[in-house]
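What follows is a structure written as structure tokens; I'll ask about it next.
Going by the order they are written in, the chains are A, B and C; count residues from 1 in each one.
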């Protein structure tokens, strides 16, 4: 044992401050929930995405209206089905072929490229012709031109020579038209690829392209988002309203009335949503209000059950007893005390319902009971786009991205809210 | 009476830490103890002192990230547990070591019959037992832990058992393969007092019958007095005092032990002012443990050196050590609080000593 | 347990009764009857109305309706004479069912599998991949997913056929798309219940007995984690039924869903209601079956009659 100085044994005694220092500041429930939510990166990102989408939904159509006078119903049949990146848009078609055999070929797909798959030469002489452009359609250059391109082959021609012939023919034929810089042919693996040359440029007036009636996609997209948002949010609000009132009263009253109310809900809940949707949609006139009501009707039961559960849990807390002792009536107790204290799960429930509503609206559009034409909603846009996806994919992909982003963002945000409002996970 | 006893378990300078997002938590900061065949060792301490982590470390039940063995050895049957592979541990668990846990309701699978849960322990290790033989052994085990109507109970589910019976079932599960070591992590904390007594009696009884060594983790000094031969007191991740049970109760040397003992409510001793005494303050933060004695800030006898240097183990007598600077020969003499002097006298008068 | 099952059956019957009544009431609220054809003479019309009991007072019609239902007669089309709803269902439902049960099977099995894997490899690569897949499955509706998959796997890569015939291969894409939402949901749910189960004390007990990880997952984790998942299989089935309406359109399947949409466009509302009623019955029966299965598996329900606290 080493030597220890006498002074070391000086008496010191307790130091309770050090012993009891609580290392973390205390926070209220909401502050803690907010802090936890802020830390949850995916939720914050989702939140901002939603904010951006909502802003776009509000001002998007206004911008394009101001700049070009677009709205959701103006049609310009000359410029149907343009994409947002215009590149020498001309349609491409095979007009005559006795030269090669091919497996697959997509006509007029994007008007910039035509692909023939698994191509084999027949090895005989023959004619090979293509049509570039379409007289009946206005291209982005503003003309309606069509060019016929034809070559003949001999039995001694192989791929390289054929492609060469095609390219030469293309050069000479189209040299006369400087605005149209021509078509190139090349072989890629076992495919024959034909591209229209030219600069790619963004569609100036129709930022995202047009649909099959020549309506501007950008405008319809944001008008449609507005409609979808409104339908979803309003129906969720109604759901919340019915659900909170029904569940709150049922839970508070308890006893037999509660039992009966719950039985009713159980039966209503088991009945499939489809039945409600069909029944109400057929009987009521088509329109936004009908859809909102129908959707609200399918959702309120879940909220009611949730609220009732929460109320039951909190019914016997001290502050309720105190309030009742002071003479508050049932209405006051329920709405001023109980409901505010179970806002957490209610908010989570409502947030998670919004994507369900948006999806349900898309489904209604699908079966033909959605927002009537010519109004647009995201559901309508997606459905219309799905119909001609093979030819004009942008009409499906762009609205789909917005739709999926909204659903994704609400889902993630709802998840984050649920985690941060759960008092059990309080750190 | 001294006779040659075999050392089953030897823990040497064990240090276990947990790596978390917020940093390293030093749960166990260098402890050493041993266990002989057929004896019961109690590990006592407050919540958070490291006793549960120690118990689980012996079986390597702490999930290994984030838990980490910083240093030390755990020698069981001559081999170091710390260096064993996962497969080797699986062999040892159940067969050579068994464990029972605090809450018997949540520690049993609610969708599996009790009988099956016992048999499972047998069948998971290589042996040449047939189905009938394992069934019989499991049944015998149920009888050994004194569960009435064992045949009927064999096919029942945990929710059909009462709390005390569930704990007995747990003991049956842990002991079915006749392990040499049984670790009991606060087995009576969730039970009421009468059942507590029954379970402890059962454990002592079984120990006599099959010579199991037991490590009893608890915070209840009553349990310690009842069942253990030797005691180890832990605080802030370290062992602050160790002794034979009787010695600890009648001749404690560490201020923390004094605090613990005096906070037990007693009917036969009148305390000053008739108040329940407790130790003020809270245990140290194991993120940034103090360099000196962990108890210093709560200790009314603490000295300057207590905060500067960790006290070593001072040997008080054979088998009794205290990690406290007060036991240094040059330290000022502090009288053991009057409570215990009185206790000793009372005990002597009654002829208990 | 028997008490529980009887209660569920009773409940299901009441619900079916309510549904039928509501449907009847709404059908009566709509204009029209099956014999609107202008070419029909008044006498013939009267005769037919009489034959089908449509000239009787409403309460009597109600009884007749219910009676018909019990015997499997779901009504007539208002637009096409001689086309009873039940016949249409008989011809087109089998095709829908072929897709439906495949979708149900693969999505529940793989959903459970993925969920367990994600939980076991919590916060490592497989977990993140599976979470990603589930998020996609939940957020991308089949209206979008269908055409996308059909295009890339069917047209572009040419691996799988796009229209549905009797061959197994042709059913891969539609069944896959149909079940994707359920797969995502089940995987997510299974993952969270498995995580919960893994943190339970009895898993620690199992470890302390020296059981291997496989044995623990199989005997302890699965049985307990699967319970909540079984109870959502009922509603998942309902979702697959409604989902089939979209899928059949995208993949050109001549099933009941496709027909359903066409009745709406054609405004053949009695047919629409008849089919809807059929769907509703299907859903309720499947919910009942799931409830019964749950009662058989959960030992706490199994033995609730024996003495315990």
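Criterion: contacts are C-beta pairs under 8 Å (C-beta built on N, C-alpha and C of every residue); 3 or more make two chains touch, one makes a residue touch a chain.
Since this is a predicted model, take the numbers as computed values, not measurements.
Visitor: Counting only C-beta pairs in contact, which chains form the busiest pair?
Guide: So the chains sharing the most C-beta contacts are A-C.
Visitor: Which chain's centre, taken as the mean of its Cα atoms, is farthest from the centre of chain A?
Guide: B
Visitor: Find the geometric centre of each of chain A and chain C from their Cα atoms only, then give the gap between the two centres in Å, rounded to an integer.
Guide: Roughly 25 Å, centre to centre.
Visitor: Would you mind pulling out the distance in Å between where the CA atoms of chain B average out and where those of chain C do?
Guide: Chain centroid spacing, chain B to chain C, equals 55 Å.
Visitor: Touching two or more other chains, which residues of chain A qualify?
Guide: Touching at least two other chains: none.
Visitor: Of all the residues in chain C, which ones touch at least 2 other chains?
Guide: Not one residue in chain C touches at least two other chains.
Visitor: Return the residues of chain B touching two or more other chains; collapse runs of consecutive numbers into ranges.
Guide: Touching at least two other chains: none.
Visitor: Mind listing the chain A positions that touch chain C in their complex?
Guide: 103-104, 106, 117, 266-267, 270-275, 278-279, 282-283, 355, 359, 362-363, 366-369, 382-383, 386, 389-390, 393, 396, 400, 403-404, 407-408, 411-412
Visitor: Contact residues on chain A for chain B in the complex?
Guide: 1, 4, 6-16, 18-20, 23
Visitor: Give the list of chain C residues in touch with chain B in this complex.
Guide: Within the complex, chain C contacts chain B at residues 200-202, 204-212, 215, 219-220, 223-224, 298-300, 303, 306-309.
Visitor: Mind listing the chain B positions that touch chain A in their complex?
Guide: Touch list, chain B to chain A: 280-282, 284-285, 296-308, 312, 325, 328, 330-332.
Visitor: Spell out the part of chain C that touches chain A in their complex, as residue ranges.
Guide: 11-12, 14-15, 18-19, 22-23, 26, 29-30, 135, 138-141, 143-144, 146-148, 151, 155, 158, 238, 241-242, 245-246, 249-250, 260-261, 264-265, 269, 272-273, 276-277, 279-280, 283-284, 287
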